[in-house]
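First, the structure itself, so that you have it in front of you.
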Amino acid sequence: MGKQRLGFLSDFVEAITRRKRGGEAETLKALARPASERARVACAVLMGRIGDAARVAVAEQALSAYAELDAEERLAFFRSLRDDHGVDADAIRAAYAAWDAQPDAAGVAHLFEVVEPARQTLLRRLNMAPGATLRLVRMRQDLLAAMRVDPDLAPIDPDFAHLFASWFNRGFLTMRRIDWNAPAAILEKLMEYESVHQMQGWPDLKRRLADNDRRLYAFFHPATGDEPLIFVEVALTQGMPDAIGPILTAPDAREPAAADTAVFYSINNSLPGLKGVSFGNFLIKQVVAQLSADLPELRCYVTLSPVPGFAAWLATQDDAAELRGALAGGWDDDAVDALRPQVLAWGARYIAQAKARGGLPADPVARFHLGNGACAHRLNWPADLAPSALKSAHGLMINYLYELDRIEDRHEAFVRDGEVALGAQIAEALKA
Amino acid sequence: MGKQRLGFLSDFVEAITRRKRGGEAETLKALARPASERARVACAVLMGRIGDAARVAVAEQALSAYAELDAEERLAFFRSLRDDHGVDADAIRAAYAAWDAQPDAAGVAHLFEVVEPARQTLLRRLNMAPGATLRLVRMRQDLLAAMRVDPDLAPIDPDFAHLFASWFNRGFLTMRRIDWNAPAAILEKLMEYESVHQMQGWPDLKRRLADNDRRLYAFFHPATGDEPLIFVEVALTQGMPDAIGPILTAPDAREPAAADTAVFYSINNSLPGLKGVSFGNFLIKQVVAQLSADLPELRCYVTLSPVPGFAAWLATQDDAAELRGALAGGWDDDAVDALRPQVLAWGARYIAQAKARGGLPADPVARFHLGNGACAHRLNWPADLAPSALKSAHGLMINYLYELDRIEDRHEAFVRDGEVALGAQIAEALKA
Amino acid sequence: MGKQRLGFLSDFVEAITRRKRGGEAETLKALARPASERARVACAVLMGRIGDAARVAVAEQALSAYAELDAEERLAFFRSLRDDHGVDADAIRAAYAAWDAQPDAAGVAHLFEVVEPARQTLLRRLNMAPGATLRLVRMRQDLLAAMRVDPDLAPIDPDFAHLFASWFNRGFLTMRRIDWNAPAAILEKLMEYESVHQMQGWPDLKRRLADNDRRLYAFFHPATGDEPLIFVEVALTQGMPDAIGPILTAPDAREPAAADTAVFYSINNSLPGLKGVSFGNFLIKQVVAQLSADLPELRCYVTLSPVPGFAAWLATQDDAAELRGALAGGWDDDAVDALRPQVLAWGARYIAQAKARGGLPADPVARFHLGNGACAHRLNWPADLAPSALKSAHGLMINYLYELDRIEDRHEAFVRDGEVALGAQIAEALKA
Amino acid sequence: MGKQRLGFLSDFVEAITRRKRGGEAETLKALARPASERARVACAVLMGRIGDAARVAVAEQALSAYAELDAEERLAFFRSLRDDHGVDADAIRAAYAAWDAQPDAAGVAHLFEVVEPARQTLLRRLNMAPGATLRLVRMRQDLLAAMRVDPDLAPIDPDFAHLFASWFNRGFLTMRRIDWNAPAAILEKLMEYESVHQMQGWPDLKRRLADNDRRLYAFFHPATGDEPLIFVEVALTQGMPDAIGPILTAPDAREPAAADTAVFYSINNSLPGLKGVSFGNFLIKQVVAQLSADLPELRCYVTLSPVPGFAAWLATQDDAAELRGALAGGWDDDAVDALRPQVLAWGARYIAQAKARGGLPADPVARFHLGNGACAHRLNWPADLAPSALKSAHGLMINYLYELDRIEDRHEAFVRDGEVALGAQIAEALKA
């Protein structure tokens, strides 16, 4: 942004930065300009020649104005991020030429500097405002939505992703166990964010936090305070469960002493704006470590997971038409016994053979757990009779097994060779 | 790092990542290889194809091995950072060519990706280990020392600086007041880090924290825990002080109610490894805000600052030979009265006219406060009789004045035109 | 308890106090004796010659055994407290004779010692067990129930009351504001303990904690942890409210800035076992101080209180037969206007003239607030249409006004002369 | 205090209790009366007919005025406590007569009520002021000093002792480990209160808190906040130590893993005003429990204790004249070997046979540990060469051994039969 244009904006700058001591701030808002203009101008000022300390106030102005934008105005805001806060093409060309002539580390450092889009600096400066980090995460959530309307906005997403990966580095996260002594304000968020097996109000929530046979762990980040970034719900059971119903409806009675199994039955990412920043693998690993220390009698760490893509995939399989028909009707016990072998066979094929782009498993939950080094241990049917689960997976669920001494081997085989580790039952079903 | 080399290193990888459950970790250390090799290999493994969660342990191995290195080995380690974790020149050329052919945002995003040296990713991954952030800050401190031995290491410093600027973003910092109820472990660090006016043991420290007329504020970062990154010491006084002695030796007695002035008499950056990451301006601003809220009767925010470059500069001024001679001897009260006009005149010239590269003031403390929008308000002589202050500044000190409603104007005038705001006394002395 | 009997009980003593190191405690319970016997014996042991430190474990045994008792067994336990842990009559006679002969302070000190029933020592020793204080408060709740069955147990209640008054001294209590960030475990207790205007689930609770125009403060005691001993709910309003409905159902929207009145609309004592230990007056006073500091724009501190004894009292007034009849039917707006003067007149008489034993106001809520120095400011009708309020007070409510500069005068006039401070409206209604 | 006198004091009452809202409190102090009068009057008001909530302010006035008293005025204040806040003799006589006629529990309850001196109520009401508990503890410290001047004040001490025993009930205490992360304000108190082996400044303190082989635990009470009531210093060693020097001067280096012994080498009661309220036994028991849980490899819990009365006692033994002479000179190694048998023999007699009034051991430290159920295990000489230890015990020290499975037996034998448990070395020396 040239000197001239900043001159043109000087009344705004003055409004933002020059406050009468002890009095009310004269803000951009007071100038009665539209929020879209205020947001854009504040961003420009933020990139200009003001003192670092003054930037905190300007960043606040920018984020406040942004918060007032409607969907259409947000599109314009993101286009401005793309077009007004990108790179200086001439500077890139010059830096490249210099490096090309003398390709040393100093040249790279300079090239890196000019290739980094200005909006990364802008985002870092916006982040100076109080509570800014969470607001920027929500801004990216808006961007992801905006990209569905205007795919040409896509190139600015990597800048958000790049910064968030750095800010939400695993080293900055802290895991906390959440129980019934946690603040209600946090518990309320859990209810809102739980989407795998939705909570049926406070008594259900309380049950899931019961000390004797349930655990709930979440990652928090200092800059986003009491916002649980991701959380996992654990049931302590005897043996590996084959259906979700008993876990969700078990009364609060069993003693934990007898439990030998920790079941990860629900993992939820809370903030869509953190898409692509990986937390789940770290969380599972740390929860396993914590539980091992607290409850040495646990012998088995396993999930009870949905198979979200199964029904859609099955619908594409010509040979499965008859099975689909049978599943469409209601099942009595006899039907279940009769159908199970087929469901398991198709389920095994889906997990082991259905692939997405890049050769990874088609099922997103499978990709996650197999990528973490777990094994697709056992299919369960019928295991989830909730309407959504019936619709997406005909009620099929799966246990992924985390065997601590095999996790790295499996991870490597999965990443290197795309090898999917299978339990005996699934391997057997695959032969059918 | 190619597949082959990772294969060659497989025993290391295995040692790091494959642990028997419940037993002792077999670590690289157990393999009895030199720390330098362990550090290098762990970094290689960290950049390879292991699971995210396993990286936490590998990062720990790398940092632990690094901690064992001596100065010579550290040089080698940093050269490896430079040479083994840089960029892929072919990838840069290809990405540049693609962008040059079609210069859009997607092309920039890709170019940015390949221009970012691999060591930034490495540093982010090292940061996954517990307590890693502080250890990386100390690693950069080592690097800064190493660069004095081998200037060719300089190009890797921007990568540290770049990440630290992002991690230590103002939005992630929290200001805390430190008083006598703070943990001794923190207070001990203050004593260690105070270098402007060194503390004379615990009673001196306690005096500087006294509730009635002293304050001490520090910035902390969640990832570096109880490490004060920067701290400022404040005295609450009646009127603007003209010497440091009375502040450092005043008994703990005065009541704060009568104070109308907050004197910032010592500002210390604790961690040399955070060089270039600006905290001071934010801290001063927030301390002013805090004090204004707590003590509304304060009317004046001012520093009592050293003039560290004055004596060295004066030694270069031919016209000042006589004054230098006079200052070299002892002063009685008569001599002080006689010399003061000359000292103030030369001091004013030094502050207002002596320039470093780039046209900024030669004095580093002046650069800082003037850059923050303060005014060089008043010179005081003799104001600091400590041997170090006599040597560096002939005992001269200066008050920089923070006038809240003029900070932004002065900042802008300083940045744009190099204009140095002067108080009446200094302006007068300049005419002499 | 004589040596002989302790000898007889030696196996119990041994069971309680002699534990194999590192092994499981052999407890009284393991001896398979009935809980009633275990409780009684543990109390005897507690009063015997064991080491102080061992008493912690014995106290735990006694309280655990007590917790298993049914109502009938509790009666027997309390009789044992009365008969086995009382005083030594001979010792009293001797001490009295000595004091009577030489009535000095030393004689009183000795007499005091022997007159204090042994059960006070017993209760203090029981209080050594972890979490004992709350369990003893619940024990007294049981006692109060037992006294209704067997009034001869009454003489041991003063010992509980005496100790609780000392333990729950105002100086040991801490006031905390409870908001939506409080632990769910505490919030759940509030829902359980609120009996004046019962809460309709979590959304209702959340509304009552809303930051903008509601406050909730509670007293806590260090020994009873997260147990709110008493709490008061406050609404911040414009003007003095004349009905409870709008307060309980107002959506969470109003801004607090405009409020000039703090309305104490519900005060609840949580623990019946603390009957007679006064908290409410302290809590109101401290809440007023807190609100004054936080919200200087508040001008008026007032309650909106029930009149719980009004209907029962009115039923005893022969002249009120017609009014009672009218109130028994439903009211339309016209009826309300017609009836109001009569209701207010009778209400005023009830508040100002109906007396309980000792000449204090018959209405318990009136006794509390008038005793605190408040004024009976205004009657409101109809103000509470909840069935319970219709039944107990025909829907009548009252505002007690706390005028800070008149509280002590009014308190003194009330205590000394039984004078009831009345607002203009009530004074007027009284003339009717 | 009669109505008349309260009438006479009405201006004081008014000054204390009637404050202009929002303005400065008009306090007794403002009336410019002497502190002694203000303290006495405030106590009278506190016992009069003011509202409970107003008592908080009056209690504050009383304690503030008390704090200004000099030693002489304190004597007068305590006499007033004795004479003006005692009992009503007529009421006692009447209550006694009633009980004597019908000696039931109700009669005892009433008698108890009138026999309790009014000053207990006064102390409870004083305790309502903020921070009052600690100030009352210090008031009793003054009283204990005053009793040395005027023994006739002794009868009021039991009232303090009685209340403190109730308030400082073990159930209200919390044990905290103090390490280098504790607030400096607490650590400073430790240095002040340590009187057994005085600390030589902050480095010595830091050494005693070192994580690897030292522990320090203290009891705190919620009402006295950060005041450590009692604390014990522990060294983790290999084997039982026979001299204090190595413990006090050992550099901070040894690893705790190898330690098999926990040595309680210093136990300090901080507040003389809590004389007679037993903490030490509870603290030792809880520290043993904590250490057992944290460091299961510990095999031995032992003290290294002074023998404070040894030299004074030895001076009374005619047969020991020669030994005393020998001890008076300096010792070389040969002398030590020659003298040791005699020192141990006399030491054994002192511990095992020297008795105070009531047949308890003459040595106060022996009384404490033997009363806790420890065994006098081993004498060590020379073990403490500090001048004070040479003077009081000729450098003798002793190990008391806490054997967990024998504590109760030993406690009982000690209390019942005065039996002193002796280790083999001491038993042997006794025969000499």
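Labels A, B, C and D are assigned to the chains in the order they are written; within every chain, residues are numbered from 1.
In this section, a residue touches a chain if its C-beta (ideal position, glycine included) is under 8 Å from a C-beta of that chain, and two chains touch if they have at least 3 such contacts.
Here is each chain with its UniProt name: A, B, C, D = MCD, Malonyl-CoA decarboxylase MCD.
Predicted model only: the values in this text are computed from it and were never measured.
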Nearest whole angstrom, what separates the Cα centre of chain C from the Cα centre of chain D? 35
Rounded Å distance, chain A centre to chain C centre (Cα mean): 49
Distance in whole angstrom between the CA centres of chain A and chain D is 58
Indicate the residues of chain D shared as contacts by at least two other chains. none
Overall pattern in which the protein chains touch one another (line/ring/star/complete/other): ring
Go ahead and list every pair of chains that touch. A-B, A-C, B-D, C-D
Residue ranges of chain A in contact with chain B within the complex: 17-22, 49-54, 56, 82, 86-87, 89, 92-93, 96, 99-100, 103-106, 108-109, 111-113, 115-117, 124, 127-130, 132-133, 154-156, 158-159, 163, 165-167, 169-172, 222-223, 278, 281-282, 284-285, 292, 371-373, 404-405, 407-409, 411-412, 415-416
Touching residues of chain C toward chain A in the complex: what are they? 180-185, 187-188, 201-202, 206, 226
